[in-house]
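You will see two complexes here that share chain A, one where it goes with chain B and one where it goes with chain C.
Right, the complex of A and B next:
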């Protein structure tokens, strides 16, 4: 079997209904890692027809809750609760509970904000830019990455809101008319940031939701067909001393009916009609066009928060491109961090998220990681070449000063670790990739930490101070991870994780006529849809 | 496809629509309520313990504001006069006012209830409990001296007090109202130092009112602002410190 080419194998699989194990070439993991440029790797494996795609993706929602899910959800929700308590404590007591001290008045809060916003960049890049570039492998990860984007931006948005200290004045972030006749400073990048992140969140949410409508309608139809079935919960597991009637308690709920209403409401009356698909395709393309500049603008504006100031080490023109590269870098790492476990935990997901998709993402990580490494080098070069001794001392202090450990952690994680993906064995070994993505997540957090600790040695040496985060800082950060994971687990449980209609569009069955240019442009949904309709 | 929603859900838009109208109404009401001058106490004119008439003293007799509000040019606070200031004129010392004793005015002077209250206050040393009308919050500072000396007339904030029987609040005193002038001081500047001809008294409310309403004010005010090198601050710490 090892001589069989993978697409040939997939084609054989289609006609002969052989079990997957027989036609997959073990040398290329799942048969998608072909190096032959004349062969195109299949994007969907497992000898599937449209109906099995719908069944598999909807099955993740409809089947019994996986055993790991409740435990993961409880842990995440508790961590989120700790974060919420930390924020509550902050609001009740004041920002003094954080480790902020002159001259470092931007601490972990800003580090976390920039980190989360950066992570939130992968979703739009995958959905919008890769859509316009017709990278079809994106269809199996775009929904997933967009969800991650939304949740990351929610976490990010929390931090400036609580960072203002008097949270009840947070409305002043927005230019609202008021009897004081005052406005936020329109010349301040902090205000631009509000607009940039706000626009990004709105557009990402719209894009995500709009792309989901056909799949929500599929869910609606499937759950409506079973809506008279009631769900019985219990008897619950309980510790031994509990009386029997509590242990044997069962509750019967009309969950299918509720689900039918919720999916029905969210799918906005979608009926899979031709006109609906036509409008959908146009709207999708328009939103992709609107989102594309946002991928570049949002983190550029975030970098202005630093670059527009006059602090040596911040006031540099390299910041916007370097922040954007870093954002995409960290976003892809976070997508992989979530995708790799999900791919193992959900049966059948490996047929959609192929080894080649993951390999592609690893390549993007290496490219953007190298850009970030280049930017680190250029910062040092310009500090030397610019002959400004304040700038020079800032950078020498970064690498060899009191925060040397943060700087070298950053270099190790961001610059060195992604370089292993030059080796094929590294970018095809799933556990190894997972470890590297964790490294990248850590490294990108440290990058922002290195940037804000520049403040610890400002213009007045008598004010210099070593910045230390407080326990509340740590709890808030960990808590934001909990909020993120809680939202993400809910997403996995209740929303189709893969864009069903788009996945169908890249399958072989969607394009049986090689010369049919009617279906040749766009991303091929149009053809799949008729079948989607038929599948129900 | 079977029906997803039961029939009663057709009611939802019918319920939401009036609620939305109600919500919109509430928001509009809130806006109007807080923007309205009444919320900002414009027109507040409480009954004072002594019915002192600015109309008689300033308008009719032509007294200068600074005769009573003596420290307005050197203090943050424009003081309300002590009873002793009133006693400069409204004395009841029969030993020094023999010439007037027989006049009708003197009789009225002796029995007028307001002046009786005043004299009682003077004799006992208990100040008259005047009720404060113009009040800005403690976190905002308003230096009277800086404004008066820069050429902002009493008129700009307090209006035509020389026509008032009872003092009333004339403007909202909201922060937006302060900034209105700080952003365009030329609308209110008068030539109190005589830089462009004969000086104008900031306390001459009638003249000032006419000047500020005149068409030439914008140009004259701009020239004055330039000559006085005025740049009214708009940063937070200008007033909140």
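Right, the complex of A and C next:
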């Protein structure tokens, strides 16, 4: 116990002296939703005060790197490297290295693009729409989900960029004035994608960064207090015996000084003043308002890529809202896929990301999954009702043609698997939820795959061809997962994963009308942040 | 005093209840007579006009039912105090059920009266004219009178069952204060919402999209729901503001509740525009004959439909969007009520735009009576529900939370 740093002690949850029952209703000790309609489960558990919240969340960054992190980082970075090599090979050789061939001219690249953009929807939904809906349980996951959004959109943006073939001409996607008066086709949905995804990325990044400023300032203050402390790295751990001079090598770096400068620069002179908070709240609300239509518009525009065409199975008017529902569905699944391990690995995180949060997310997965299922059924019904033979043939072929396995994988993963969350045991069993989220991730990938394989049987039967992805396709896709995970691990290591000030805003101590005016032990200990915030 | 605040005196709203229903029935009778005494073209107009009114009344009840179930399902706290008004509109589903029965009667009467004429609401029923239509042959398994009747009966059984049970839970709780009713309502809503989604979508297909049986759009069920959501929120908002104006629900329907109701109105106005735009845009861009026929009629230059094609995006979206955007206007009961009325009118225009072109572009006074009659009957039913029970669910376990609801920031 004596070897623990103070932050570590907080992170491990050892600072809670008082018995939990003093604050928390025993029925809701784990934060699960209770069936009594009049009661609400608490949002932050573990009898925490403001000080311990700051210590815990900052502790994840300040403490010694956890043992699993370097290993995970090395693996992810290597996978990212494979993806980068695959892209390099593609650029050097040409798009022919992919499995694309007439009539399937859109293959895994567009599948991956739409899949990643879809995943990128959860962050903004949680931070913008749930903010406008005053869903306070979102505060413990919004930072996390927004980071995921940014990285997913980065991965998404790669695919159309490399699909253009001559990557060095990709700048022509933008309507830039040039000497030859060549403009992109403004009637093409691919150009709208550039605007839609570009706007979404910019606004999401701004929203994420702006929300982070107070927490970055907290990090700045804490690291500046230890500015002169030097950090010693090493000796290196390796699976094989190394020569002594390498094995015992240590290196001392002024990391705190660097950290103080970097966090100081990024926090833009934030001083926790009342006026700062006032501007912050206003900006937050405005950005939430601006982001809300973007959540709908991005995936609607992506759906236009397919739906404005006259290809049977692609042209159907329900595509925009159906794609948006699917995007939220897959985004929430991906947030849970990442959140569940993080919750286990970071001590104290379960006090914030409670069983109630997880349960709510499961419910959203069921709702959006059912919406997607509803849309599948509408598509089928109207394909029959529309009495267009090509349309009908396409749908029969989807379910019973050569790609039947993809179709039924999609139905199983997207429509059937989320229905288990109707049952409370399923919504509260963490390993089970994890498995279902993986199912959903797979299912949503297949949803787009099912759409593109429609092309394999076009209007000219002699041209029909079974589409297969090449090894480069697979490597690029796996590589994009590596890029995503690498960025995500860096986020976990260097940025407060939870929005500290927002979490404090939903705690009991922040409520000026709470019956017990117990403000916790952290009051007046020099950490000013959070105290000025009322109920958010 | 407290009791006066949350209940209307016995026999209140009598004038509205009886006056509205009486006038509505008279207008319906006049509409029927107009069709009966005229030629088959007039009968067709009367049928379509009455159909608009019927769908309008039905949409109010359906939209309100959707909201009640969503409130239960999400365990919503803020809305507990004003949920009763949604329930009143929802429970008036009996009015559209009766109106539908009259619609069937009217269709049957005209069908027998104008033996060789085209006095049909649904053109696919006119076998004399469309019997050899290729598309109708293909769709005959769905578009036939027995199956149509079974579906209509099934919709109403499901809706009346859901509305009745939810209303029962809520009003029973007023007397026995048992929180289990809320729990049961939540359980029912989970299954109910699924049934609701399918029945509303297929009712939209059957009763609106099916007016022109050649046309189809996967989005149409959602479009039908979006319009209903707007009109029902607008109506409930109006009821709440009127009750406040007459000194009721003071402290129960506060400025903060008003703010949230306006937000709902705003959100679903935008949602309607999003769905309507997506449907129009995809059909316009793809430009394939079987779909564009629907919009071609409505964009015929010089017709009233063309003017409505402009009026709807402006009046049903742009103006309310701009006016409801500033916070003070959403919090002001007067302004919000004004926009609620505006949206109720716009919703009628929207249905007019969807239904009426199918009966040609000649107009008749039956257009006015046919649309107003069913709506007035519905208003009378809603008024009698409002008068019948306490204005708030007095023993709802979330009531305390709802009364303390605040919109910070």
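In this text, the second predicted complex is superposed on the first by the 478 of 536 C-alpha atoms of A that agree within 3 Å, B and C clash if a C-alpha of one lies under 4 Å from a C-alpha of the other, contacts with A are read in each partner's own complex, and residues count from 1 in each chain.
Following the convention adopted for this analysis, contacts are C-beta pairs under 8 Å (C-beta built on N, C-alpha and C of every residue); 3 or more make two chains touch, one makes a residue touch a chain.
Keep in mind it's a predicted model, so treat the numbers as computed, not measured.
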- prompt: Looking at the overlay, does A:285 come into contact with chain B only (first), chain C only (second), both, or neither?
  reply: second
- prompt: Which one hits more chain A residues, chain B or chain C?
  reply: C
Query: What is the contact status of A:37 with respect to chain B (first) and chain C (second): first, second, both, or neither?
result: second
- request: Pick one for A:261: touches chain B only (first), chain C only (second), both, or neither.
  value: first
Task: Return first, second, both or neither, reflecting whether A:318 touches chain B, chain C, both chains, or no partner chain.
output: second
Task: Could you look at A:462 and tell me whether it touches chain B, chain C, both or neither (first, second, both, neither)?
output: neither
Message: Quick one: is A:250 in contact with chain B, with chain C, with both, or with neither? Answer first, second, both or neither.
response: neither
- prompt: Once the complexes are superposed, what residues of chain A are shared between the chain B interface and the chain C interface?
  reply: none
Statement: As the complex stands, chain A meets chain C at residues 33, 35-38, 40, 132, 134, 281, 285, 293, 296, 300, 304, 307-310, 315-321, 370, 374-375, 378-379, 382, 385-388, 422, 534-536
Field: chain A-facing residues of chain C, complex
entry: 75, 77, 135, 138-139, 142, 179, 182-183, 186, 190, 194, 197-198, 201, 205, 216-222, 263, 270, 274-275, 278-279, 282-283, 285-286, 288, 290, 397-398, 400-401, 407-409
Task: Mind listing the chain B positions that touch chain A in their complex?
output: 1-2, 4-5, 34-35, 172, 174-177, 179-180
- prompt: Okay, in this complex, where on chain A does chain B touch?
  reply: 178-182, 220-221, 224-225, 260-261, 264, 271
